[in-house]
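Two complexes, one shared chain (chain A), two partners (chain B, chain C).
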Partner chain A sequence: MPGAIPGTMPRAMRQILRTPMTVIGLVLVLVHVAVALCAPWIIPYGPSQLAGMPFEPPGDRFMLGTDVLGRDYLSRLLMGGRITLTVALVGVLIAIVAGAFLGLCAAWFGGLTDEVIMRLVDTKVAIPSILLVGVLIPGFGQSVGVLIFVIALVYVAGVIRTVRAQALTIKPQSFVAASVLRGESSLSIMLREFLPNVADLLCVEFAIRMSSAILLVSSLSFLGLGISPPTPDWGLMVSEGVGYIHTDPWLVIYPSIALCTLVVGLNLATEGVANALGLDAARGMVKG
Partner chain B sequence: MLLETTDLRIGYLDGARNMKLAVDGVSLALDSGQTLGIAGESGCGKSTLARALMAYTRPGSRIVGGQVRIGGQNILDLPEPGRRAIRGRKIAMVPQNPLSSLTFHMTIGAQIDEILRQHEGLSKAAARARSIALLEATAMPDPAAVHGRYPHELSGGQRQRVVIAAALACQPDILVLDEPTTALDKTTELKVLKLVSDLRDRFGTALIYISHDLNVIARVCERICIMRDGKMVEAGPTRATFAAPREAYTRMLLRAVPRTTDPSPVRPPTAHPAPGGPGAHPVLQVENLSYHYAAGGLALPFFPRRKGVLAVRDLSFSIRAGRTLGLVGESGSGKSTVAAVISGLLPPGGGTLRFCGTPLRAAASRRSTDLRRRIQMVFQDPLSSLNPRLSVGRILMRPLRIFFGMNPIDARAEAGRLLERFEMPVAMLDRFPRQLSGGQQQRVALARAFAARPDLIVCDEVTSALDVSVQDHVLDLLLSLQAETGTACLFISHDLGVIKRVSDDVIVLQSGEVRDAGPTDAVFATPRHAYTRLLLEAAGSVIEPIPGHAPVSPASQGTNRGDLHA
Partner chain C sequence: MLSAILRRIGLSFLILVLVSLFVFVATEILPGDALDVSLTDDDLAVLTPAQLAEMRAALGLDRPAAVRYVDWLSGALVGDFGTTILTGAPVGDIIWGPLRNSILLAVLTTLVAVPVAMVIGIIAAWWRDRAPDAIVSTGAVVGYSLPEFVSGNALILLFAIWLPIFPATITLYTQGPMLDMLVVAVLPVATIIIGSIAYLSRLLRLGLVESLASDYVERARLAGVSERRIVFVHAVPASLVPTLNAAALYVAGLLSGIVVVETVFAWPGLGLELINAIRKREVAVVQAAVFLGAVGVVIMNLMADLSIIALDPRVRRNTGRS
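Moving on to the complex of A and B:
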């Protein structure tokens, strides 16, 4: 049984605070979330407002300079994480909820249900994510809704596999037999007996998939498949600035740093928290 | 002196980073050809001590003081290569679980050959010849064939023989056996114990035998040490110690061992006898029960069907209210299948089951709620029968809410009363299963079953994971609850002593067939079948009754037995 003994949260808390990398990770994530939430009230100019001349270097009026159209780069940078974060968050949440449900169904019902769900998962895993996205987005049109759907689809397979594997170790235990003998319904058994035992796994799964999803959304925006201009977005900003990398490098550097700190922060925080809870997070980090 | 420890102390860091002593100042001595038993309940430090005799500790713990001298030399002073040279040659160990201590992807032969080639520098052919001879010495049937087999192809007893052969490979002076027969059936255990004694006589090896089972130690060892909380509380010659124990703890341990010579179940008198009185009407009648595990698999290409197995054949019995039927058998005898069919975990097979007159025709999910309430089951492993993520309160409240529709406040109050009835504080409602001891966990599991106010309770090996003193307490509670509520009980166990303590009647099962049946007293006194006699011999207590100690006080015995058998 993975997972810490319930009721020992204070010890996990102490261990988190003792590991500096975890604290750094948590601070980075918190700062990014706070900025994303408060951005509309703290930005000096509108994100799409043509406030100055194009390519103004960082200075007094524009702290981080202006972009190719003369928009304030600081304002765009502060606003640039909001859509990515939202899309990744909603997409991954859908993947977690659907994946938990399908994974528990596969483990609990077994037999044909298990075969159907798992063979579909195998099929999904056999198709490279970027190919799947490359077909789905031009096919369904480029919108936030489609993007969320695509993110959920990309991550749901992994969640199903992880949850099913964990649930299979719970299934033979006597407390499940006891609930069957009480006459509990399948849904009740899955929610009452299985879910609490996979909950911490789901939290770690969520955090790992989040950092991966943020990178995926940004890559799509960079490729022109994700968020469309003029919405400010880090991936999009990198792609707009990449042509001027020799003359005005800050156009690429600042959004890259923003993206980088968020993803690294998420990874550090996830690993630290997972270790403190006694979960094996390293497994999913490779692709992250 | 061949082996001597002086003031050995082994410490580990606990959760709060404090040094705790697992073994605290143990001194013992052993000469060649001698046998020493180390007994104690789980967590007393006996396995830690065994490892330390080979200068090894588990990760996280270390030897903090004292000496371990083999042939006069303190092996704790040796560097790691020196220690390695001693292990296997001077002192060897037979670990607890024979399956997990054999490497599953290597053949038996390869694993023993490896030891001989490493330590003795034998050639491949010479090593092979020696390991076959070793297997032969452990009375292994067809040793040359076993040499080429994999661990999973052998039975539990055979695996234990292999581990013993491997430990004897370099003819060590001292053999440490750590609970070598705990995972085995009683009849197999008897064979392994005999083998160990024979080997000692043949090779003159000194033995240290570690076990929680005083009976086993009494069979093999001349001297015994009793350990408690890392300290040695009593030591001396086995017979003398058992005949006249000095320490109260030793007396308590001896008293707690269930014996096949114990009197039949003694249920405490109650102020409110169960309605109808015990033995009034049959609660469960089983006629010609047979169960055949169906062939499995999807019968599609790449999903071959598995073969079916006949688990139980033609079993008939009945249990009356307030009485207990014991079902005895070794692993694979089909006793758990019977429990599963009656409780409804498995659909009924052949034959008829009647519960209070109404036939049981369906698995639990298709029975009525009231029927599910009236048949409750308690499982073997207490930890796995409680959801680790739910508090004790939520675990106990669930049956109350389902079966009696109680609101959360009433259910919690009732759960608190149940806990108190099972002699645990109400504050435990907010604890989680892993914060409880094994005995407490099993009492919570019993409380959950009795919460439903059942007419029949099916107990599947409920005490086999517990220490004897804890087992004693749990069995007492079960008997007193039964007297109070008039619940009938189907009690399944491999331990004849436990069966004798709780059951009025007994059925002996072997390979799904009934070997012996009848009142427990009669069956144990005059067993009809050879298998029953074999089981009784294996379970027979070699501990002499303690003088001046009657297992049950005469007064209560008289009244209760009179009531029950009137």
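Moving on to the complex of A and C:
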């Protein structure tokens, strides 16, 4: 922190570290990210390798046993968050950049630009996310690329709304009028006057959309519309294990716990950080 | 006020037309037509180009896209979604029974979720920034962090397998009697409701806390109005406005959740029908299901907007603003 006195922390940071739930959330997220990054080097078997017999119980060779095909469940579990996290991350980043640009355009130009952008946003909001994905899959097929595009499409509308609302409160302020008098171009005003003032909002938006996107990608994989087998993925692992829930419930329970700890952690951390920054995360949070 | 109402209704129609255009373009024009995506590679290997052209003509796919769109939309507006490509059955016959079952789930969930969320929201706002508020807030965060396929399977494990109280999967037909559907709806509704309550109670709490900090509440306090009267007579109605503003998001989230829950429990609803149709690449059913989902969101959102106009004098006066 430039200008901070050595040995002191900014007020926001102190408030974050004083809230136990936020710390728990941050730790969960860090552990998940670390596991996702290091997984290829720490897994005992290849995630798609038929290492043993089907449904082997937990033991010395397989710490969490094996799945229906005899693949090591621990390896699949450790690898299971990577694709979802990647798809959610790239998709949401695209949504944030595009949403910030379109939201600022809507607020700055107003008039017809605003009207067109906002009616398109309304149209997107009217189509529930899973239905939106469903309508695209027959024509576009099912691939990681399509999935990223879909995530960006799903989350861009919310970002546009948030950014536009914030930008409209900035627009009447005098420094904006000053930049107009200086003869700055619209693009320059949006980037230099508006963007810094919506930056912290965009960070919170990113975190909120990220947890929601992870839920969406996992749900799609569970429905058979997301990640395709044999990729190790938690949503897919639950759907593969659900047929054996009577005899081997752990095949469902382990990936469920992995997914939920990640999303709960992310939401707790977001909530705490947003509160510390004086922003409200609640309105933006919605599933699907 | 009348112009505000007419404007909202007009906007709703415009959005539905845009949705229909999107649904049509996404499924029919890019990159192949409905016949291409319905046929498997095996079919394509056997069929000659002449046969394909004949099938296209029979399905009306040889007409220009714009003509087909207008045809489809005019049918859709009166509930006629054409026929399926694979079997030639009317789409209406396939979707109306499941639609009823899905609406049943949505209505049951909302009927239970709204009062529960109100109680929770009021509790959290009454003791804001104290222990009950913290517990409710953390509970809500966990609540909407649970995907339906996880909470649904957890409930199946707990209450259908370990404690065999409820059936794990629904074995009723789409036309099953309403009363039988109600009995087996307990676990599916319990699954969707977790996220609904979490979302609604947070919105209500936020609205309540905001209005409790407002000037008119301060004035009422100074005038000696009791805190209970302030909360129930002044703050609760005011907190409904931001909550109703989120109606579109709530309904959209609810419908997405219902698709997952129907798959988890094999509930014979439109969501399950949609997933099957996507797997079979049955485009006409996909179009109909998605369009009907959007109709549901738009209608509920319109009703919420009209309630806001009725509830909030500020909105009534500012008719031009959206």
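The rule we apply is simple: the second predicted complex is superposed on the first by the 276 of 288 C-alpha atoms of A that agree within 3 Å, B and C clash if a C-alpha of one lies under 4 Å from a C-alpha of the other, contacts with A are read in each partner's own complex, and residues count from 1 in each chain.
By definition in this document, a residue touches a chain if its C-beta (ideal position, glycine included) is under 8 Å from a C-beta of that chain, and two chains touch if they have at least 3 such contacts.
The shown structure was predicted, so the numbers you read here are calculated from the model rather than taken from an experiment.
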Examine A:Phe222 and indicate which partner it touches, taking first as chain B and second as chain C; both and neither are also allowed. second
Check the residue A:Gly111 against both partner chains and state whether it touches chain B (first), chain C (second), both, or neither. first
Go through the superposed model and pick first if A:Ser174 touches only chain B, second if only chain C, both, or neither. first
Larger residue footprint on chain A, choosing between chain B and chain C, goes to C
After the superposition on A, what does A:Val135 contact: first (chain B), second (chain C), both or neither? second
The answer for chain A against chain B in the complex is residues 1, 3, 5-7, 11, 111-112, 115, 173-175, 177-184, 192-193, 196-197, 199
If you look only at chain C, which of its residues touch chain A in the complex? 11, 14-16, 18-19, 22-23, 26-32, 37, 134, 137-138, 141-142, 144-150, 153-154, 156-157, 161, 168, 195, 199, 202-203, 205-206, 242, 246, 248-257, 259-260, 263-264, 274-275, 278-279, 281, 283, 286-287, 289-290, 293-294, 297-298, 301, 322
For the complex, give me every residue of chain B touching chain A. 15, 298, 343-345, 364-365, 367, 369, 372, 375-377, 379-381, 384-391, 398-399, 402-403, 431-432, 434-435, 448
Okay, in this complex, where on chain A does chain C touch? 21, 118-120, 122-123, 125-132, 134-140, 211, 215, 218-219, 222-225, 235, 238-239, 242, 245-246, 249, 252-253, 256, 259-260, 263-264, 266-268, 271, 280, 282-283, 285-288
